[in-house]
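For reference, the structure discussed in these notes is given below.
Order of writing sets the chain letters: A, B, C and D. Residues in each chain are counted from 1.
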Amino acid sequence: MTIKILGINGSPRKYGNTYKMLKLALYSAEYLGAKIEIIDLYEKRIEPCLGCLTDNQYACRYPCVIKDDMQEIYKIILESDGLIFATPVYWFNMSGPMKNLVDRITVFENMVYFDEYSWVEGKTAGIIAAGAESGTAMVVSSLMITLNSYGMMIPPWGFAYFTGKEDVLTDTNAVLDAINVGRVVYMAIKGEKTSRWYDPRPSFLEEVLSRVKEECEKNYKELFPGRKEKIFTLLDSEKE
Amino acid sequence: MTIKILGINGSPRKYGNTYKMLKLALYSAEYLGAKIEIIDLYEKRIEPCLGCLTDNQYACRYPCVIKDDMQEIYKIILESDGLIFATPVYWFNMSGPMKNLVDRITVFENMVYFDEYSWVEGKTAGIIAAGAESGTAMVVSSLMITLNSYGMMIPPWGFAYFTGKEDVLTDTNAVLDAINVGRVVYMAIKGEKTSRWYDPRPSFLEEVLSRVKEECEKNYKELFPGRKEKIFTLLDSEKE
Amino acid sequence: MTIKILGINGSPRKYGNTYKMLKLALYSAEYLGAKIEIIDLYEKRIEPCLGCLTDNQYACRYPCVIKDDMQEIYKIILESDGLIFATPVYWFNMSGPMKNLVDRITVFENMVYFDEYSWVEGKTAGIIAAGAESGTAMVVSSLMITLNSYGMMIPPWGFAYFTGKEDVLTDTNAVLDAINVGRVVYMAIKGEKTSRWYDPRPSFLEEVLSRVKEECEKNYKELFPGRKEKIFTLLDSEKE
Amino acid sequence: MTIKILGINGSPRKYGNTYKMLKLALYSAEYLGAKIEIIDLYEKRIEPCLGCLTDNQYACRYPCVIKDDMQEIYKIILESDGLIFATPVYWFNMSGPMKNLVDRITVFENMVYFDEYSWVEGKTAGIIAAGAESGTAMVVSSLMITLNSYGMMIPPWGFAYFTGKEDVLTDTNAVLDAINVGRVVYMAIKGEKTSRWYDPRPSFLEEVLSRVKEECEKNYKELFPGRKEKIFTLLDSEKE
């Protein structure tokens, strides 16, 4: 039976450190045998949670009353054995689209009131966070308690983070950590009996690394010009 | 000179505990002499932050490249001496609209790269969080480090929280804490020299309390029917 | 092969809510087949971590340079398949003795620099936190990211918390959550293939509950008089 | 009237980054006119909090039932107008001695039950955290909500952190942030009316920097040999 692992990208930059680390994890899982898929939250319309269950505990259930792109994402989540949540660090916390996703997943967890189990329980979760400044651990711990509260399992070293402005691909430890996230999520789903959960020299390191490098360079070339036009409207040319 | 205090409501329920605590704080500040205003984030369109500054530190500045309701909110924030951020607790964290607001305020803080000061520095901030389950302290501490990083001052006991499903107005401590948030924000702005920052029996307690009670009952009557129709679409009638 | 689960009690009150929840978890695991053991940190001498690895990454390794009761605790930890960390909430955080324990476990994790694996990796961890006020989720998330960083696995719903001053044994949800922590830690170690990780009506509920009740009443009778004498030295008799 | 600012050092290394940042802050405050003092927690005996107030809210009050070095520290805290808490990051959290200190300060806060005010309310607090890896923001936010809950005020940019293994004195931003903590704590106590809370080029930068550099080099020479002997007992000579 194929193991399906879903990567959820909460970054608007499909060439940045968050995206790179997520892809390192996903490609490693793929290398090991998983079927992978990625969702880019910034390309979806995800409305904020309406907090229905505060009015009535039974008002919140799958499928959510809000009919937006979550309806499609819900289906992909249900089919996945493992999920890797990747987010940039904005003010010591996840990005807004990731926050909306996290809150909207409540419909699965709240099924405990109808079916006595959470529809996402037993799935395995990994977490990735990258930021220019401090806050990565705050994001990871906030996501970890949340995913575990959904009923998800967190495998040993189930997260990777990177703090800094430089290219994460130049930081060996961060690269290995990200790769390992894909690996442990895969291993935990497979139910491998092992006491070795960190691989300091995966055989597929170079392959995965160059694949991510290439893809992100391509993405940058394709996507940055349009993005630049948008974000630099106000920028004095001399400061670019 | 009139002291202006802005309440930012991150809850979709204008009759719930978050809203009630925010109004307790605001009316107390008003009673003491402040001019108050409230913004309901769920009634605004606030797009998520695009993380421009990760591409270029100078790309992020006031006014943001995104033209949505933040443009109007930015102006109100700039004119305010104090701000009280109030949010429900969704998964140990603030609501999505509050997260988007927090991230979009970056344009003010990032003005340090242009003007050598943050456009919101020196403002005084209060925080309110209410949730059915644990997580209030996580939300408060996450907001507190963020607001302080903007350059805002946090007065003694600058926050109030409530954990529980019951009506917060029946909990004397939570009511007093919320009232006190409005009070300390006002006092700090006024620059009062005092070593007494908590008032356990404010003279205006009853007045403020009944004003909030009345308003929220009215809001409930007006707003809940429409909301109910929306959120209970899927609900079996017998479980309502 | 017997599954060994160690409970680590970070509370000074062996009749309080933290202790009760920990015992609910442990007795449930025992009921399912585990061999259980408990360590009461307040009865041990555990010096604070000296941060040796900041001077030299290789200076920190098992056994720690500090010769105190951790030497005995280290051995018990190594022999355990699962560990349940239970702490009261002191200022939104774990107790001091729990903090010292957490830091001193670094010697196991830092063995990655000598053996390429953490000596506690692959063990399964559960978390319990009880406090009179908010902060339980902060403690849980702080412990969760730490234990996961040691290389430990967090099973679905691997934690339980309780916020309040009343007896936790009167709160059905908190009791079930605590019992379930013992259960999921045991199940994860056993490697059970299941998608049901929460048991809302464990057959052994009454048995475990009355066992904990009885034990804590006995502890209270035996231990509180001595404790009372110590802590109430300064207390005006009329306020007792 | 002289403004008194107390630095509380939670690091065992009186030549490390935490200590350096604390000294930058303190000397800056001194330069501006404050009388400064420093307490090194690792040189004191501070027992863990016994959680008396969980048994009886009135059992916790100044002076604590535990007679250790806190008795002397309590007096210094009471006499201080401002306090700067500095800690290394151990597992995303403060050090054990800092945790014990934080918990033992409860005796001042709990005086609200006797005197209707916290004995430390209205004091101004600054926070410093330094760590080799992520977690600085978690420590800062945990301390910030705690100090604010004591009744302390947090001035704009009331904290500084540094993540990394290199010497913090080589990082201009971290140095400026640390210096600024001393400055804003001093300014807030003095009640200065200003909207400029960050000084990017303090006139006393070089003076303070070289003073800290010199002192820490001296400390290293004096203290490291003894420390080395202690921590490297187990270290293979070739790995030193």
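Following the convention adopted for this analysis, contacts are C-beta pairs under 8 Å (C-beta built on N, C-alpha and C of every residue); 3 or more make two chains touch, one makes a residue touch a chain.
All values reported here derive from a predicted model rather than from experimental measurement.
J.: A-C versus A-D: which interface comes out with more C-beta contact pairs?
T.: By number of C-beta pairs in contact, A-C is the larger.
J.: Which of these, B-C, A-B or B-D, makes the same contacts as C-D in over half of the contact pairs?
T.: A-B
J.: Quick one: which chain's Cα centre is the longest way from chain C's?
T.: Centre of mass proxy via C-alpha means gives B as farthest from chain C.
J.: Any idea how many Å lie between the Cα centroids of chain A and chain C?
T.: 30
J.: Hey, how far is the Cα centre of chain A from the one of chain D, in Å?
T.: Computed from C-alpha means, the inter-chain centre distance equals 36 Å.
J.: By the touch rule stated above, which residues of chain B touch at least two different other chains?
T.: 92, 137-138, 141-142, 145, 149
J.: Indicate which of the five shapes (line, ring, star, complete, other) describes how the chains touch one another.
T.: Topology of touching chains reads as complete, every chain touching all others.
J.: So in the complex, the part of chain B that touches chain A is made up of which residues?
T.: The contact residues of chain B facing chain A are 11-13, 16, 42, 48-52, 54-56, 58-59, 61, 63, 65, 88, 90-97, 99-100, 102-103, 106, 132, 138, 142, 145-146, 149, 224, 227-228, 230-236, 239-240.
J.: Quick one: which bits of chain A touch chain C in the complex? Just the residue numbers, please.
T.: Of all residues in chain A, those touching chain C are 112, 116-118, 121-122, 137, 140-142, 144-145, 148-149, 151-159, 188, 191, 193-198, 200.
J.: Can you list the chain C residues touching chain B in their complex?
T.: Chain C reaches chain B through residues 92, 134-138, 140-141, 161, 163.
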